[in-house]
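First subunit A sits with subunit B, and in the next complex the same chain sits with subunit C.
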Partner chain A sequence: MERLIETLKEPVQLSPDFDARVLAAVERVAEDAHRTRSVTSIAGWLRGRTIRLSPLGASGLAAAIVAAVLIGSSIVDREAAPAPPRPAAAGDQVQMTQFVLVAPEARSVAVVGDFNDWNLSATPLVREAGDGMWWITLPLSPGRYRYAFVVDGTTWQSDPDAPAAEDEFGRPSSVVSIGGA
Partner chain B sequence: MTHRHGPFTLAFCLAMLAAPAAVAAQEARLVGRLPDAQRTQVDAILVAARSAGLPTEPLVDRALEGAAKGAPPDLIVSAVLRLRGELDLARGAFGDTASAAELTAGASALRAGATPVDLARLRQLRPGQPLTVPAGVLADLASAGVPMAAGLDAVLAIAEDAADADYVAFRRNVERDIALGASPVAAVGVRLRAVSDALASTGGDRSVPRKRKP
Partner chain C sequence: MRRVLAGDTRAYARLVERYRDRLARYAVRMLGDLADAEDVVQETFLRGFRSLERCRPDGFGRWLFGILVNRCRTHAAQRSRRRELVVNNEAAVANASVERAEPQEWQQAIEWALEQLSPDQREAFLLKHVEDLSYDEMEQLTGARVPALKMRVFRAREELRRLLMETVRG
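And now, the complex of A and B:
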């Protein structure tokens, strides 16, 4: 029990908007309850009542609260973190796949696609010294991936050496198929 | 021994338990990349897809692509919804055991003009073999300008014997021929003969190009 209390005392790192999210969730719970039973009737039910818990029950409740806070904070943390290239799952037949773009005038080139959550900063290409070739090799699991190059952070470009992907969003993309599944 | 707790303690506990569940229903990667209204719609599509047993990763990817490209949020929602329908059709053709990768490739082929019957035929010709690359090549050929009927004939003709690498080489050769000025139909015809001959030479009479059944 004391260990549990110490755990509860430990500060939890939350993002700045966590309070707002919790309050919004509480409001949603309240709204849902209102559909079936008025808030005043719930308050009336609660008023003047006491809830009796055994030490075991109280410990379970406290543990549930700790778990709820930790799970909630971990989800919020994931939201804030930049997405790295998606790792291959264990057992996948990973294929090393090279992406190359010849762009002598470019100051930077990145590849974005289904394999890195379309994160513009996750996968910069390396410039071959003294040349205009930019490249990177990524381990990809079997699948069909849409991707594009982004030159100098603003210019979207398809891969001239790969099939074009059907474009739904007004900017070009390419596609690569990795066999095995 | 019991301890007394007020009703607000209970209310607080319930609220704390409810909060993570509400957050978990959201796709975390879409937070901050789509406006709340459209993100809620995409989340609803994901929940429906998940409950229908469809993979949600391709749907999230499509939403992220639209967001990264600065597409109008409503267009992103439409694209995700459309893809969800295509994944459903692809699963109907490939079967319930199809992988997410196969369904994604099947959806691409459907988008390119194939029909669920075409995909089912591909499944039938390659029992137990992965379909990601053949279905993907079918879509790729269409995007290169090959009429769907010609591309489908070719993909099905070698379906029983070709490995993924054969399909990839076939597609690259056809695209190269087209880039050099060949007509798409002629390029497919010539390259299909070449890959069929190669398969026949390595596998005896295993690969006899078959005509598509009407």
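And now, the complex of A and C:
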């Protein structure tokens, strides 16, 4: 038994490029977080402000927003993320909330929950290129939300990294609290 | 950690370097496959990075290891098909001997024997005897109670002893 344990304690040899792969992935996450913070700060700046525009100014602003959205879409190097299921109401303290599931063999993953009326097709997750991670970031208002992942349109799965929630139908689900709710 | 939190993501390399070997060893022993282990360790470092702000500086290593233990459980559960063993079990076991095994054969026999344990037993055995955790620490990591953990470790030891002795007699 001692020899067995001694053998198991020996270090293992990882791929030579392991550190580089991890750090490249960390850089991508940091860039995503930076973009999210930028969007949040713009939203925060806009919140509570009344903007008065002339008709000409309004059409100019609309054109600028369309251009910004198009530019933003081209910057993001993933498939186009779906629209949030329910826009937060004006004045809400919205928190960008990321849902992540590792499912390398899945063909599709969606998140369903209180925030999208448990609609199977409303909120598909985006697959990270090169690995089995699926994710989406949603703006959620303060509150307590029950949710679950649906893999390949049929298999319900709770979030392994979140507290479990009671589900009246006996399906696995999880709970997330936003804003200390 | 302070440098990373200040926006210097390259400083995270130091944390990866410091904790990588321990995480990799546990993941490889637990999952029995190097590629799977690398995936899980990478996920662990990413999750650690995403949640760095919530972690106490003096507890980063322990906290990261807790993420890894959970990721290994999830990963194992998500494998819908039983993976092919990395080693040729029959040949490895037939050729291995506890007393005089060549290092590679001995290594393969151990991998095979670990694979025969239930995931709970394998997890408990590795945490206790390879990671040298106390039962209280194991309880915090796994959520299982101490008596259950002691029983898992005991059964894992007995099973490993039996499997490896069989290889000698065989």
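Quick note on the criterion: the second predicted complex is superposed on the first by the 95 of 181 C-alpha atoms of A that agree within 3 Å, B and C clash if a C-alpha of one lies under 4 Å from a C-alpha of the other, contacts with A are read in each partner's own complex, and residues count from 1 in each chain.
The rule is short, and it goes like this: contacts are C-beta pairs under 8 Å (C-beta built on N, C-alpha and C of every residue); 3 or more make two chains touch, one makes a residue touch a chain.
Treat the numbers as computed from the prediction; the structure is a model and nothing was measured.
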item: First (subunit B), second (subunit C), both or neither touched by A:112; value: first
item: Partner chain in contact with A:133 - subunit B first, subunit C second, else both or neither; value: second
item: First, second, both or neither for A:144, with subunit B first and subunit C second; value: first
item: Subunit B versus subunit C as contact partner of A:175, first or second or both or neither; value: first
item: Contacts of A:102 with subunit B and subunit C, given as first, second, both or neither; value: second
item: Shared contact residues on subunit A - subunit B and subunit C; value: 21-22, 25-26, 29
item: List of subunit A residues in touch with subunit C within their complex; value: 1, 3-5, 7-12, 14-15, 18-19, 21-23, 25-27, 29-30, 33, 98, 102-105, 131-133, 160-161
item: Complex contact set, residues of subunit B against subunit A; value: 1-11, 13-20, 22-24, 28-29, 31-32, 58, 61-62, 64-71, 75-76, 79, 99-102, 104-105, 108, 111-112, 130, 132-133, 136-137, 139-140, 143-144, 163-165, 167-168, 171, 175
item: Touch list for subunit A against partner subunit B, complex; value: 21-22, 24-26, 28-29, 46-47, 49-55, 58, 61, 64-65, 68-69, 71-72, 75-76, 78-79, 83, 112-114, 117-120, 141-144, 146, 156, 163-166, 168-171, 173, 175, 177-181
item: Footprint of subunit A on subunit C - complex, ascending; value: 7, 9-10, 12-13, 16-17, 20-21, 24-25, 28-29, 34, 37-39, 41-43, 45-47, 49-50, 70-71, 73-75, 78, 80, 98, 106-107, 110, 114, 126, 129-130, 157, 160-161, 164
